[in-house]
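Going in written order, the chains are labelled A, B, C, D and E, and every chain counts its residues from 1.
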Amino acid sequence: METKLNDRVPIKPSRHSFYLFLVILFIIVFASAIYIEADPYVIVQNGSNMFDLISRMFPPDWSYIVTTTPAMLDTIRMALLGTTMGTILSIPVMFLCARNMFHVRWLVEASRIGLNVLRTIPDLLLAAIFAAILGYSSLAGIVALSVFSVGIIAKLSFEAIENIDDGPLESMTAVGANKLQWIAFGVVPQIMPHFVSYVLYTFEINIRAAAILGLVGAGGIGLFYNRALSSFNYDQVLALILYTLVVVILIDLISLKTREKLL
Amino acid sequence: MIELKNVSKVYPNGVIGLDNINLTIEKGEFVAIVGLSGAGKSTLLRAMNRLIDISDGDIMINRRSITSASGKELRMMRRDIGMIFQNFNLVKRSTVLRNVLSGRVAHNHTFRTLFNLFPQKDVDLALQSLERVNILEKAYTRSSQLSGGQQQRVSIARALAQEAKMILADEPTASLDPVTTKQVMDDLKKINTEDQVTVVINLHFVDLAREYATRIIGLRDGKVVFDGPAQRATDEVFKDIYGRPLKEDELLGKEVG
Amino acid sequence: MIELKNVSKVYPNGVIGLDNINLTIEKGEFVAIVGLSGAGKSTLLRAMNRLIDISDGDIMINRRSITSASGKELRMMRRDIGMIFQNFNLVKRSTVLRNVLSGRVAHNHTFRTLFNLFPQKDVDLALQSLERVNILEKAYTRSSQLSGGQQQRVSIARALAQEAKMILADEPTASLDPVTTKQVMDDLKKINTEDQVTVVINLHFVDLAREYATRIIGLRDGKVVFDGPAQRATDEVFKDIYGRPLKEDELLGKEVG
Amino acid sequence: GSSATDSEVSEGDAVGGTDSEAYVPESLMVQFVPSQNAETLEARAKPLENLLSDELGIDVEVSVSTNYNTVVEAMASGQVDVGFLPPNAYVQAHDEYGAAEVILQSQRFGVNEDGSPTDELVDYYLSMFIARADSDIESIADIKGKTVAFQDYTSSAGYVWPAAILLDEGIDPLTDVNPLILQGHDAGVTAVLNGEADVAAIFQDARNVVAGDFPTVFEDTKVISFTEPIPNDTISVRSDMDDEWKKKIQQAFIKIGQSEEGLEIIRDIYTHEGYTESEDATFDIVRDYAERVQGE
Amino acid sequence: MKRSDLFKKERFLRRAKFSLLFIVLLALYGWAIAGIQFNGMLDTAWPVTKSIVQGFLTPDTSYIYNPEGEDLLRGLLETLAIAIVGICLSIVLAIPIGLWAAKNLSSTPLISQGGKSTLSFIRTLPDIILALLFIKVVGPGAYAGMLALGIGAIGMLGKLYAEEVEAMDPGPVESIVAVGGNKLEQLAFGVIPQVLPGFISATLYRFEINMRSAATLGVIGAGGIGTPLIFAIQARNWDRVGMIMIGVVLVVLIVDWCSSALRKRVL
């Protein structure tokens, strides 16, 4: 009886290529580690050096929070506008980049390459361009943040779109919906939670990416980070880190509560 | 009228879903498709409104080939074909009402639908459809919070709200209790006879098939093994549709148990 | 033995799923639960192995309260309760075999299961279970590539492979053809009588319930409205279980129609 | 002689040494931060590595960083033995951490009014205020009430020295002018060119940096005033460095600056023209200025 | 009657909520926009844009290869190595923290909140602080850069992982619960197979960012292509900037194509 059962069991598909893949991956990683001379033992040996710096951060210089509050408000303001613009711009981009939305091969690939290039532009270069065009001002900062945001939101969202359940899409196809309706009814509800959290995440990054704002002279807390660092006042740095953390968590909390109440 | 000419479907993994099917279904017919699980019933239905592209052959809806249609033409053809899915295909995160209203999109301006500005008449229609399947009170509930049968009823309501000229129903009553089943089948029969809507339905219940259908098509391994009026589908015929595998299966069962 | 004492379940959105249920199901019984869609059948089943936490009351499995169990104890209780889900709950991206093997995890060392090192005996058991439901040939297919009925059969095979002392089946045959349905029900009956496995099954088919069950429980709006041996479940009784709502519904239907 | 040194080294290391014991390097870690007043730069470490290890006879590893916090911190934990530090960072590292001790300063040519180099080797540089050529600002006094592009407050050339000039004229750099804090001296020049700032405080002559983008920058802008000399970047060693090795390193750098081949390399890549010995007292002026500007 | 009442009440409630939100948002944006200064397009716009574009059109091809080393190819190779080891470090640490932070895997929201806060804190740490910490331990260079990158990435990866888990279908996990599987088994059989595609794309995304985190690494002199890029930008050496960016984009595209080809074939 046993043999008979085994006779009928379909042939198990070979996993060789998968194992080969794993081995190659491991070799690549290992070789890279050797190439950059990553020796775990060094960390064990010198790990305590870290605490020199950490101990210099304590106690945080709370008074710095007061000093930096206007800059923090500026940062929030610019991050808000930059994220908003980026969000709006990223919407068409993300649908163009997702392989399961428009089945026009060249358009999808071209959009993806475009998005890739956009995301490769370093902050410094963005700053150089926008400062030259719009001046060393908050506007340049906002525009730079928008471009930066498009890269993040569009990329994460189109990946989310590619992973959605296609059942609802099928039903929209079956009722004869056109592309926009198909997206609005089949895709949007499914990616909405993702999208919202990516937007919030980008907002958070934009608050932290204050450095970009500093580069275009738009002020913000980036300036204060640099100042505290370059005068080696690590207690001020810690105060700023904690301040940013609180602001970010607060914003998260507020938006969570609004979403819960409204949706 | 639905015509299938030499239709075959081979899935990318090599499984043969449909094997050279030739069929003509006239307007106003009530056709039941029966067959073992895995016989290709869903594949056949999904081929008819081109949710899957067939590998070979041609399918004509009202003398226009849906196989070669595209763009607006294809959309308009599909608008007139309602579909009830075996696995419901609801947007779980949306409310019941929005799921039903999504059946109306092709009847409205894109702009209105995007901003959820459906005309009152459509909203009424959607609510009526929900009432027909007895879940009006769940209109504003999230679809994920429904019981299995309730979800199935939402997907039926969506197809009803579509006011299509043709309905393809994939086991629409699988998760329903007898009372609701009867009601749904009566409803389908009513729109079939009163509005001359063609109904093609996959059914597992021989009784229901006999009771409601005017014509029964038997599938086995992707091939049509019976096609005739309901009266001619005797117990013998069903035995034939299900029969051969039945014996095999029983054999298998014995062997293992 | 399963005992429910004053069990109630209120969903977070306010819907009352179960309303003060008292039941005792003895070892070796074959109980069919019938009721309208939305009556609370799935809720009841899911409460029994504590997939949902009840709002009130207590549930005892073999005299131990599952309501207050936790950790290893709870896991061991669940290991002995097989469950067939209404919506299958398969991992679509995994192969059929892996889905079935997942029914064996609690019988094996965590370590082995994590690295997919199931003992040959478990693999054999899984393959046998697949054969029992006639889809052995799909063992290495991705579950997403199965037809509706095939998916349902995988979820049945998983429960069979679990070798539980008790099986809770939520409409296990909804998407199956009559042949396979009979086979699955026969199988359940067999393990029920031969191995004294208690079976609690949600069923929409009155015939099946009468044919296989030793006891029938009727639910309406989360309350038990009938509880007795299958012979006593006359047509009258079923009318009562489904009946009243039918009339109400029809009334509503008229108003709108 | 070199083998004797080697054995000393291993001995010293084997004992493990207390903090007071002098550090004798087995291999030298050098971190290089570009000069504040560099106009063009190459992020290349290998050439310096080769030159130094030829001179010193031990392995030398050079890394390049643009952030001097990393150099100071690495020196403080003994991860870097020799660091190129700008004056203000050196003072911080020396005074607050005791992490660095200056041994050398880099030398460069002075700069003419038109931005071209003089042929005099100096170990200092200047900072200056520029304005648009057509602006009516002629002297420091005219800057009052105008928008001034500064670098951040810790920058010697971009803030401290210029601010001191303003203070000398009785102008408070924070309240009597409208400060615009920028990152990069090139940004200062651009801000003047596009009219966003009336005046910019930049090193002499940062206009060369943007000359590629704005070929007419020297005609379009004018210099209002120069500051006093600012000491050039230091080459510092970690403070527990063995005295003998300090000397060795000092000599090695000086020799490189004097040899023809070495000079060519350090000129092309790091825009250095040579190295000269230096001592901590040279930087008192930095402390002095910091106090003046902060004290107000 | 009953039907339209239901509908009207629902609609009224929604409209009221949305108008309130609208007013609040209006105020918020009003405040934000009030802070913008706009000076019009500037004279410098054209020359700068022109020279940047020109630099990109005539990239500094001599930088591609230099026999002494310290060229584009070796810079990219080192960046790639840093990114690869960095991402492995992040994966190993981010998966447990990500699962910890997922709401639907923890018994009380308090537990997952702990994970979320941890991730949030890691994200708040500026790259430069992480870099300083590791430079003190392992000295400047690629190793420190890898560690800073790897640890810094946990914040983002863990968050993306947690979100992926939160969005999955609870059904399969339920089925493992029902057979008596413990937490690990629930993960292995119910969670991981479902979230694997999401995890992979999040990881690849972060890998790309690692490749591009030229700025982070460049500032601290961690090797790779970052330092030359920063120097080139600071010196406004646009043809070099153009060359480096072309190199980075190409590597990223190649990695992208390889990984999607492999994913299709292997998984």
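Here, a contact is a pair of C-beta atoms (placed from the backbone, for glycine too) under 8 Å apart; a residue touches a chain by one contact, two chains touch by 3 or more.
The chain lineup, named per UniProt: A, E = Phosphonates transport system (Permease); B, C = Phosphonates import ATP-binding protein PhnC 1.
This structure is a prediction, so every number in the text was calculated from the model and none was measured.
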Task = Select, from all pairs of chains, the pair with the highest number of C-beta pairs in contact.
result = A-E
Query = Measuring centre to centre, with centres taken as mean CA positions, what chain is farthest from chain B?
reply = D
Inquiry  = For chain B versus chain D, what separation do you get between their C-alpha means, in angstrom?
reply    = 78
Remark   = Between chain A and chain E, the Cα-mean centres are separated in Å by 4
Message = So the centre of each chain is just the mean of its C-alpha atoms; given that, what is the distance between chain A and chain B in Å?
response = 43
Query = Distance-wise, how many Å sit between the C-alpha centres of chain D and chain E, to the nearest whole number?
reply = 35
Request  = Return the residues of chain A touching two or more other chains; collapse runs of consecutive numbers into ranges.
outcome  = 5, 46, 49, 52-53, 132, 135, 137, 193, 229
Key: Contacts with 2+ other chains: residues of chain C   = 87, 128, 131, 256
For chain D, residues that touch 2 or more chains besides their own = 69, 73, 76-77, 79, 184, 190, 194, 196
Message = Touching residues of chain A toward chain D in the complex: what are they?
response = 46, 49, 52-53, 131-132, 135-137, 214-215, 217, 219, 223, 226-227, 229-232
Key: In the complex, chain C residues that touch chain A   = 124, 127-128, 131, 136-140
Query = In the complex of these two chains, what residues of chain A are touching chain B?
reply = 1, 4-5, 167-168, 170-178, 180-181, 184-186, 189-190, 192-193
Request  = Spell out the residues on chain B that touch chain C in their complex, using ranges where they run on.
outcome  = 11, 13, 15, 34-39, 41-43, 86-87, 128, 131-132, 134-136, 141, 145-150, 152-153, 170-171, 174-181, 183, 204-206, 242, 245-246, 249-250, 252-253, 255-257
Task = Report the residues of chain D in contact with chain E in the complex, numbered from low to high.
result = 29, 31-32, 34, 38-47, 61, 63-67, 69-71, 73-74, 76-77, 79-80, 184, 186, 190, 193-196, 209-210, 212-214
